[in-house]
Amino acid sequence: MFDFLDSGQYDLLDAFWVTVQLAVYSAIGSLIWGTALAGMRVGPVPIMRSFGTAYVNVVRNTPLTLVIIGCSLGLSQTLGFSMGADNFDDIGFRMAVLGLTAYTGTFVCEALRSGINTVPVGQAEAARALGLGFFQVLTLIVLPQAFRAVVAPLTNVLIALTKNTTVAAAIGVAEASLLMKEMIENEADAIFAVFSVFAFGFVVLTLPTGLLLGWVAKRVAVKR
Amino acid sequence: MKLRKATVAIATGLTLSLVLTACGGGSGSGDDSGNKITIGIKFDQPGVGLKTSDGKYTGFDVDVATYIAKELGHKAEDIIWKQAPSAERETLIRNGDVKFVAASYTINDKRKAEVSFAGPYLMAHQDLLVRADETSITKAEDLNDKKLCSVSGSTSAQNVKDRLAPKADLQQVGGYSECLTGLENKAYDALTTDNSILAGFAAQKEHQGKFKLVGLSLSDEPYGIGLKKGDTELQGKINKALEKMQKDGAWEQAIKANFGPANYKNDPAPPITETS
Amino acid sequence: MTSVLYDAPGPKARQRNILYTVGFLAVLALLAWWVLGTMADKEQLESKKWSPFVTDSRVWTTFLLPGLWETVKAAALSVLIALPLGAALGIGRLSDHAWVRTPVGVVVEFFRAIPVLLLMMFASAAFVQFTDIESEIRPMYAVITGLVLYNASVIAEIVRAGILSLPNGQTDAAKAIGMRKGQAMTFVLLPQAVTAMLPALVSQLVVIVKDTALGGALLGFSELMYQNRAITANYGANTIAALTVIALIYILLNFALTSFASWLEARVRKGKKGTGAVVDIKTVDAGGAGPGAG
């Protein structure tokens, strides 16, 4: 039943490796972008606040499929912005990372914002009393504590991101779900085996992440 | 208490819509009563088979199918058009969901193992579509350092990769429109698929003067009418209808009407080969 | 909290803020200028690419609105089927019997760990092979099956969290007047949990609506996203314009749902009748319900 695994026709590890790469690059990107968005949304400059709010509300309510196809069609094709890649495989991969980052950043931003709310008011007040400016208060006092509080929600975002990398199949990035689609078409008599192999792959990717980061979340949580 | 009322209202609304959809979803094809005939065509290929914004259907395949239906004794109003995406055609025929399929359906041996064909009614070839001012692409080998677009899973894409221009940078996308946008934007240099489909796109009024066909014959794609395997009676009738269509000039007229403005040089009507 | 992060701006800070504002606006303007300029260069702003959406009502009646209807139908059906299933799984996970609790837990965790796209693709292939569902509605069935499997397990967690959010006194009181476990659940706990869960459930609806787009892009389900192909085939490959309009429809629909969820949450929190407990979607979305796919 599982003989397609030995046929050498499909490179499962390669496909899952692309999935992992997509997840890692997008995770780093969305952490940075989400933090920047959160900074804008709690900052003193009104225009940045409204930009942050508008961005989050618009992107969060758009299907990820549309965001990624938009990146590929709009940014790369029409605007000619290819992030330095020169063949279509690389462009597709980078556009998928960009789309995932733009989308996931909004969830990181919202998680961080609720994390900021868990930091006691006295912390920021004390910092201001010392004469720190907004940027210093945010980066030195509030964010380090906020991050420790939101490890658990961010883990959920990371797991969702890992699963969301499958959407990159919509622009033809050769990750796990695209391979599964191909295999289902070719191995019609073994769809249960194909599905269980891929399901297993994703369980392997997401479960340990959840357990490990769940443990980290408990370790670093600020006891109040 | 108000909230509970709201909840009830929402629940009622949802249930109602469920009931409505459940009722609405049932009808469809399969009923041949009242002299209806169900035919599978493409819905998204201008010039070949297209669902227009009026909810009507146009294209060469549609004209051919209408003609055949007329010869089989069905009025144009009695035709139920059904979408037949490339991957679904064999299934539709096998399940009897459609009487026959006219959907840029190339006759080949692999498909003949599953369905029977009548025709062919058009000899198409794989070709390239380029921007009107493009001069550097005249033969397949020119593609080797070019950016090429095709629709994922198509045989045209496979042809390019395997033998025509293995070094071309090939992007496979979900639909032809994406390719055309990219071609217009200079993200791609050429789009490849059957020349009938390319001509249909190039002939659209929004595209006239923008693109041109290179005019290569990179492969032979004889389009046939797909029907249930072994239904020789229907096959004979359809072949007779196709012959009549070619003789009385309706075939030529349909070509002109659908591909005319694209400078598409069609092959003459192919002789019927699919008999049993 | 946010306002305590910075002092009320004095004259100097106000000046600096103005500087930031001007700088930020300049960057945005530059970006917009580049985007629009390049698009105009590549003839993507031509009015004939965009005008059909305003002048030609048939774009709406033939393509967009039927597509939207398919989207809404699939989302509504998914929720309606997933709701009872999810409730059963959620209660099952709270069971006192390990032989119920454990398998239910495994099922829930399994379906939450798997991308919904994989479930849809598998369902689609399975329907082709083992059923004779018509090809026209098969993609919709596949999408709904995938969404139900995934969302039932998410709803199970919402239900579980909703019941756990109720004060212990509720169970104790029910037991004190002689109710059995089943009675306490159906007459005391569930009715109260439902109010606490409502906002989270409406938020989940947004995720479902977004996920239907996957079926359009990859499985040939003729929902809103899929109409892009039909529209661009008719109006001269105006993909950018078509996708922009489609995105706007999604955003409006989901924004309405999100706003409704927040309104609901505010009502529940204020309500004096209930316990005031609210299930926060963020606490239960270990599988990723919040960010969702699609």
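Here the chain labels run A, B and C in written order, and each chain numbers its own residues starting at 1.
We take it that a contact is a pair of C-beta atoms (placed from the backbone, for glycine too) under 8 Å apart; a residue touches a chain by one contact, two chains touch by 3 or more.
Only a predicted model underlies this, so the values are computations on that prediction, with no experimental measurement involved.
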| item | value |
| --- | --- |
| Arrangement of touching chains [line / ring / star / complete / other] | complete |
| Two chains sharing the most contacts, counting C-beta pairs only | A-C |
| Interchain centroid distance [CA atoms averaged], chain B/chain C, Å | 35 |
| Chain A-chain C separation of Cα centroids, rounded to whole Å | 17 |
| Averaged-CA centre spacing for the pair chain B and chain A, given as whole angstrom | 38 |
| Residues within chain B bordering two or more other chains | 174, 178, 181, 185 |
| Touching two or more other chains - residue numbers and ranges from chain A | 73, 78, 80, 170 |
| Touching two or more other chains - residue numbers and ranges from chain C | 42, 44, 128, 217, 239-240 |
| For the chain A and chain C complex, residues of the former touching the latter | 41-48, 51, 57-58, 60-66, 69-70, 73-74, 78-80, 103-104, 107, 111, 114, 116-117, 119, 121, 124-125, 128, 133-134, 137-138, 142, 153, 155-157, 159-161, 163-164, 166-167, 169-170, 177, 180-181, 184, 188, 191, 195, 198-199, 202-203, 206-207, 210 |
| Chain A partner contacts - residues on chain C that touch it in the complex | 1-2, 4-7, 9, 13, 17, 20-21, 24-25, 28, 34-35, 38-39, 42, 44, 109-110, 113-118, 121-122, 125-126, 128-129, 206, 209-214, 216-218, 225, 239-240, 243, 246-247, 250-251, 254-255, 258, 282, 285-294 |
| Residues of chain A touching chain B in the complex | 73, 76-78, 80, 87-88, 92, 170-172, 185 |
| Chain C-facing residues of chain B, complex | 1, 3-4, 7, 14-15, 17-18, 21, 25, 28-30, 43-46, 50-55, 82-83, 85, 88, 91-92, 95, 97, 174-178, 180-181, 184-186, 201, 204-207 |
| Contact set on chain C toward chain B in their complex | 42-44, 48-49, 52, 56, 58-59, 62-63, 72-73, 76-77, 79-80, 128, 132, 134-137, 194-195, 198, 217, 220, 228-230, 232-240, 267-268, 271, 273 |
